[in-house]
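Both complexes shown next keep chain A, but they swap its partner, so chain B is in the first and chain C is in the second.
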Partner chain A sequence: MEQTRTYDRLPTPRGTKMQREEGPKACRKSLGPGAEGSSRQQIAGDSRTEPTKRRLQRYVDAVVRWARRKSPWILHYNSGGCNGCDIEILATLTPRYDVERLGILKEGSPRHADILLCTGPVTLQSRDRLRRIYEQMPEPKWVVSVGTCSCSGGVFKGAINVVGSVDQVVPVDMYIPGCPCRPEAIIDGLAQLLRSIE
Partner chain B sequence: MNALIKMLIFPGFGFLFIAALAFDWIDRRMIARFHGRVGPPWYQPLADFIKLLAKEDVVAEGTHGLAAAALPIVSLTAVMTASLYIPVGGIVGASFEGDLIVVLFLLALPALAYFLAGWISAGVYSVLGGHRSLLQYFSCEVPFLMAVTCPAILAGSWSINEISNFQAQTAWSALTQPLGFILALIGLIGKLKRDPLDIPKAKSEVVAGPLTDFSGRKLALWHLTMNMQTVLGIFLLVNLFFGGSRFFNRVPALPVFGLKSVAILLMLSTASALYARLRIDQLMDLGWRILAPLALIQILATLWIGG
Partner chain C sequence: MTKTVIPIGPQHPLLKEPLAFQIMLEGERVTDSTMRMGYVHRGIERLCQERTFIQNIHLVERVCGICSHVHAMTYCRAVELLLGINVPPRAAYLRALLCELERIHSHLLWLGVLARNVGLDTIFMYAWRDREVALDIMEALSGGRVSHAVNIIGGVRSDVTPEQREEILEQLTTLDRQVNWLLGVVEHERSLQTRTKGVGLLSLQQVRRYCVVGPVARASGLDADMRRDEPRTPYDRLSFNVPMHTAGDVWARTLVRMQETLISVELCRDILKEMPEGPLAVRAPRRVPPGEAISRSEAPRGELFYYVRSDGSDTPARVKIRTPTLPSLLTLPQQLKGVTMADVSVVLSGVDLCIACADR
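Then we have the complex of A and B:
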């Protein structure tokens, strides 16, 4: 894995102040050339001596970050759960919840997807497949583990054919607990992941 | 200078790009309304496009890298070239006797590129999708071409601009040849691989068809090509069957043209929301046993009336 991934999003209770602050506000601050004192600015140096090319780069970055936040395409993989969470994911995609408002589309091919939604514990058989699907997705990519099983192994923990939670195989960016978790919880988790996209 | 503006801005690339994104949004929004939901915000196609441009571009092992890079560019070029010959709102980019045939040829190139995209990929789904796209092309293109020739026969000209002018002075082909219009609409749905006939890229069967292994920039170009093709197909039908930008012999106007285009887009969206996908053998049956003979009848009737 080229990117070092932080696992510290897990212990923070969801919806706390800290996580929300990191979102669009911080992004907006680094947008304008006059936003002094933001951490990006300090790294880049004084805005007047900053070369035009780098400033242009920052604008492009901001646009790309906006596009990534607005257009998450998801891929769904069950690595060995009881199918309960999968039914909830499919319920999330129905017109009743209308996740297309957030730009979320379900894609069939890993090559098109941005977010991998994993459900269930990882079994010995599906471990390699999960890893392969993850490797097939183009960067930047995020993994969301949906359901208690994929967060921790859940009721399947310790079974002879089970490796354990999803984060033992691929790096996970957002955990959504629940057995099974409700569609509202999944949407909330995805929305918070999108807010934290850098 | 004038030609440059025409090529790059108004009926050319800039306008086509904006129209492609706008039509994509209108289409998605209308399908969402059919489902009883709200649908994506207006910037959604733009965000999708930028995101795909900024994504990693993976070339899978076993794929012909050069061809994978060239095919989306070739099809985009063909579609953009075709846009020069289709009059938009009374403004003609370029026109000569026989440009209808050139446009039909240029709009057929992306279908070939789409098949080749499946052929050069290593994945089984891509190859299967490519074969399906070729079969679908053969069964949809023939009725489409035959239906599109009817207005040309009636007007006695192979120039899109003259055909639409002729109809503005007499009557719309959609009224005099309703059968031809319906056939052309079905053929267009098949050409664009839109929802009831999205057999080559059926998600639940062949993942994403020939585009399964494409990602990043190439996928963005493919999506753009598809959206531009939709726009051009609709513009073509407006010119050939609805008298272009004129409303009962009044002055040509862009709003009239826009309204007619959106009306056809609404028909396409309705079809995608209402009907389930056909199997490939059902489509072959429909294309060769029903649509092609009907198109033949329409041509004979046109010859009988017009000739």
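Then we have the complex of A and C:
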């Protein structure tokens, strides 16, 4: 209480000691309900309930991770490829391969998608659009580059209108090579990505 | 009426590949539309000049993933013309066999995409399931589902063994049955007809003006098929019909493509039965004499044209590719005029977009 009074008497400018001290407390408070307090008693009270909260958070995190692994929604963007990998991606949705049985759903909007499947090398005109689509996706997000051109530029490396591989524009989490990669390879790549999410 | 502008693409669930549209609406009707292409432009024609004639086979096969074989075949044929060599008859038959299989797979793929865009996911699933049979045959023949790499200058690389031949004939029977059934479903599916009849109209005059080729032109009454008009080795010995319709709408295009698929299955059978014995390839020299050559063939989407000029070195001086999709893509603003917003998806999928081909 003494300290609080000291602060009241001596107003400190913003961003100095007081705020820095309140920093971690404010963070902790934001997890739970209730208004922000500034007294020491409230801080003490928080630290008593903290283990319960942390445990709860851990459970919630586990459930969220599980849900993400169980049902990833994929978005497909062709940034300049030849269509070969695109039709193989579509073939994974159709009866013979049927990734929907694994909970994978093709989604049309970047705002609903978890995984971005990129095919083809990145052309100059596609570059900004690819970056924009990546930025439109909500966190957490993963990018899979499907096909040799997408991984390294492939046969189109050195073409006048080609920037190069997808990882020169957006960060890539999984590379699936092949020209075009088989549906089995795409499913395996996605399965490995999902395993790594856990 | 309120005027609205709706942007479509380049990333849109309707399009597998990037293409951007600005659709101007007045109420529910499309009054005007503009198109922006070039998202898939990689500069392949330029890249062809920097690589050798042999490396280019690999490159032109990647102009388009759906009709990869026909690109490589047409290119090889142009170079063979420059070299003045003739491929052995067995090689010509094998090339034509893959060409027809590619047509089957491309048309079934298209039917699936149209059905999905119309909202009939069941037909999409059935069509793509049946398409896998054609892909299996191509995989048995060449080792690749989508790109085959069987063409070399002077012939082909892979052969059909007698056991494979019997197996393929059996698979073709399955394919024939399934495509026939699918055609029956499509013909009796009233909701598909309601969505596609009278939509995306293209008159014969417009087809001529825009130089549209392939199934889109044949659905508007233009009787043109490279296989029949400029017959090459297997086709001059085979008899087949060229399906024709005159309505010029998406429904006519559906019928043309489905009937073509059946004819292609039949052609595959004839090619396998009449395939002569003999070598697969002749030896071709590395250096190509100076000169120029053109080569044309019927890709799944229409006439494919290659122009190759050589200056005597091991790289071509110029390779010009005219793909069948570009003219039909350019008719889209015409076709979109006057349709409702809900029919835009039908019009866009009706011409069988292949932007990788068109942009190159």
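The rule we apply is simple: the second predicted complex is superposed on the first by the 147 of 198 C-alpha atoms of A that agree within 3 Å, B and C clash if a C-alpha of one lies under 4 Å from a C-alpha of the other, contacts with A are read in each partner's own complex, and residues count from 1 in each chain.
Methods note: a contact is a pair of C-beta atoms (placed from the backbone, for glycine too) under 8 Å apart; a residue touches a chain by one contact, two chains touch by 3 or more.
The model shown is predicted, which means the values in this text are computed figures rather than measured ones.
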item	value
A:Phe156 touches, of chain B and chain C: first, second, both or neither?	second
Partner chain(s) touched by A:Glu100 [first = chain B, second = chain C, both, neither]	first
Partner chain in contact with A:Gly108 - chain B first, chain C second, else both or neither	both
Partner chain in contact with A:Asp188 - chain B first, chain C second, else both or neither	neither
When both partners are placed on the shared chain, which of chain B and chain C touches more of chain A	C
Doubly contacted chain A residues - partners chain C and chain B	95-96, 108-109
Interface residues, chain C side, partner chain A - complex	10-13, 16-18, 38-44, 46-47, 50, 58-59, 62-66, 68, 109, 112, 124-125, 128-129, 132, 145-147, 354-356
Chain B residues within the chain A interface of the complex	28, 32, 35-41, 43-44, 46-51, 54-58, 60, 125, 203-204, 207-208, 211-216, 219
Residue ranges of chain A in contact with chain C within the complex	75-88, 90-91, 94-96, 108-110, 120-121, 123, 125-126, 129, 133, 149, 154-156, 158-162, 179-180, 182
Partner chain B, residues of chain A touching it in the complex	63-64, 66-68, 70-71, 95-96, 98, 100-101, 103, 107-109, 111-112, 114, 136, 138-140
